[in-house]
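Labels for the chains are A, B and C, by order of writing; each one numbers its residues from 1.
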Amino acid sequence: MFLDWLFPIYHLPELLRGAAVTLETSAAAFLFSFFLGMLFAIVRFHKKPLVLYPIVTAFVEVFRNTPLLVQLFFIYFGFPQFGIMLSPMQAGMLGLVANSASYYSEILRGGIQSIPKGQWEAADCLGLSRPQVFTRIICPQVIRDTFPSITNQMVLVIFGTSVLSILDVKELTQVASILNSQSFRSMEIFTFVMLLYYGVTTLALAVCRFCYRRWFAAKTERR
Amino acid sequence: MIEVKDICKSFGNLQVLKKVSLTVNNGDVVAVIGPSGSGKSTMLRCINRLEVIDGGSISVDGAEINGNDKQIRKIRQNMGMVFQSFNLFPHLTVYDNIALAPRLIHRKKKEELDPLVDELLQKVGLRDKKDSFPAQLSGGQQQRIAIARALAMKPNYMLFDEPTSALDPELIGEVLVVIRQLALEGMTMIIVTHEMNFARDTADRVVMMDGGQIIEEGAPDRLFQDPENERTRAFLHSVIGRQ
Amino acid sequence: MDFSWLPAYGGMFFEAFFLTLKLALMAIATGTVLGVAAGILLTSRFRLIRGIVRVYVELFRGSPLLVQLFMVYFGLPHVGVNISLNMTTVLVFTLYGGAYIAEITRSGIEAIPKGQWEAAESLGLNYFQTMGHVIFRQTLKIAFPSLVGFYIGMIKDSSLASVIGYSELVKKSQTIMNMTARPFETYIVVGLCYFIICFPLSKLVSYIEKRSEAK
């Protein structure tokens, strides 16, 4: 029952390399899924283009109501059946982005729906083009209003990268698993990794709060 | 009898009550008036310990409030409070709102509760709303139910914290009628209010507060007609001039 | 695509599907009990209680479920605690669910206007009477959509139990996949199983949310 709590520290380089992969993958997945989700949200909100609307809706509902693990297995093991071979990282990213984009689609769509009609009307009356109205008037407000949900989903993306370990992507959880199978110091390793994830997400959320204050809060509150 | 002696209360750096003293004898109806921020509501809330005083003492029926939870609850069971924002329980019917405390604390059974609730609803003129929910009632009706709820415990004292300040003008009258009736029946009451005419007609004594202190106290006719204190005069002028 | 194997294996899917539901329901039940208790403790006036529960909640909400599963599954035997796979799985899901439900409960309680507490206290009710008769029912109403939303998530999260070998839908489907050599179709069926539970439930939640907003 002897526990060596320093054990994870001896292997810090590997663990940090895994953490780096986690961060890079998370950041990329977050950005891609956010923008894809925004596009989906626009299609779902306007219900146009008419051809895309049912496809996007079906896509979003499927990826929101099935587990990430199943989606990853479907892509990684199922696609080769039709000749599409993807590396673990490619399959992982694809699944993670598709999954997260579906959630962002609903978050952002809800945000767009709650913008008062008067905002659209005022912007139109000023003579702004549709894309301008959206990017300059509507979008900033949507992001400001749905910020907590956006950051929450971002954390879920970070956690989602841990599932990529099943496909042998060398992110933090997989590095920990390998270390575990080599040394069997399970309790120490996984407790350390748990704390590492906690630290990473806390840091990420603090950065988000900082960004929010700088870009949004100053302009809208506290006169 | 309620005796407030030299109480002080601060919120952070702001001192809201600066050595306030007040005696309320049984049967007294005391109206407390004054500008916003004068400490009127705070003083009232200190009496039933919704706020804790920093200095001085408050005694109810001879016993000083010392922070013992059981004692505080007993005092509150004997002291009804009516809030500016009614604070009715939205998930309970009018009947349940009124019957809740007697059922849980006095352990009254349905046979006793039915006539009790009925009598109280009759008193506030809302007998037909027994099974309604607060959301279905107007502001004036809600406040009258709140009064009935406070009376259900058969308290010896009633505290009113700006009971009509959150009501639309046309609904104020129906609530004041109920409060006035209580006064005529001999209930000991402290009423913090902005309704000057009501205070003048109903109270035995009017207390004027400003800046955390009681600056004048006296019979309503005298105080309203011929205030001694400059600030009282200024306040009354600014308020009644508009009424 | 070829689904001709489906009738032969349909029974196995069905069985496995119910194993998933069983796990999910058990985790939901125990997680809710723990979570509600923890949530109420998070509103306690004693700093120490709040602090201890806060550490638990932060840890289990701040790390991935998979890591928690690994930590308990590999870690407990390592320190001498040997419990069945079933118990391990339920334990982790309880702790995981409890942390999230604690937060949902806490924010539900804190969303109740202070005036409700004051009115109950002014009537002379004690803490337990106030909680039981006034606060808690309102908390439930407020927290309901988030709670059910989380439950739906739990059903999907149960799929991770397959990684540590727990027998549920995904684990069983791997066996089927090896026998039929058709991973594409297999995982479509698996996804469908989750979909037919989760989709109606999430529509129900949005319907209820819209209705309570309209009021």
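Everything that follows uses one rule, which is that contacts are C-beta pairs under 8 Å (C-beta built on N, C-alpha and C of every residue); 3 or more make two chains touch, one makes a residue touch a chain.
Source: prediction; values computed, not measured.
Chemist: Counting only C-alpha atoms to place each centre, which chain is farthest from chain A?
Modeler: B
Chemist: Please indicate the chain closest to the centre of the assembly, with centres calculated from CA atoms only.
Modeler: Looking at where each chain's C-alpha mean falls, the closest to the middle is C.
Chemist: Write down the chain pair with more C-beta contact pairs when A-C is set against B-C.
Modeler: Pair with more contacting C-beta pairs, A-C versus B-C: A-C.
Chemist: So the centre of each chain is just the mean of its C-alpha atoms; given that, what is the distance between chain A and chain B in Å?
Modeler: That pair's centroid distance is 54 Å.
Chemist: Round to the nearest whole Å and give the separation of the Cα centres of chain A and chain C.
Modeler: Result: the chain centres lie 21 Å from each other.
Chemist: Where the CA atoms of chain B average out and where those of chain C average out, how many Å apart are those spots?
Modeler: Computed from C-alpha means, the inter-chain centre distance equals 46 Å.
Chemist: What parts of chain A, by residue number, touch at least two of the other chains?
Modeler: None at all.
Chemist: Which residues of chain B touch chain C in the complex?
Modeler: 48, 50, 69, 73-74, 76-77, 79-81, 83, 85, 87-91, 100-101, 104-105, 146, 149-150, 153
Chemist: Report the residues of chain C in contact with chain A in the complex, numbered from low to high.
Modeler: 58-59, 62-68, 70-71, 74-80, 152, 156-160, 162-163, 170, 177, 182-188, 190-191, 194-195, 198-199, 202
Chemist: Under the stated contact criterion, what part of chain C meets chain B in this complex?
Modeler: 113, 115-116, 118-126, 129, 133-134, 137-138, 141
Chemist: Spell out the residues on chain A that touch chain C in their complex, using ranges where they run on.
Modeler: 1, 3, 61-62, 64-71, 73-74, 77-82, 158-160, 162-163, 165-166, 173, 176-177, 180, 184-187, 190-191, 193-195, 197-198, 201-202
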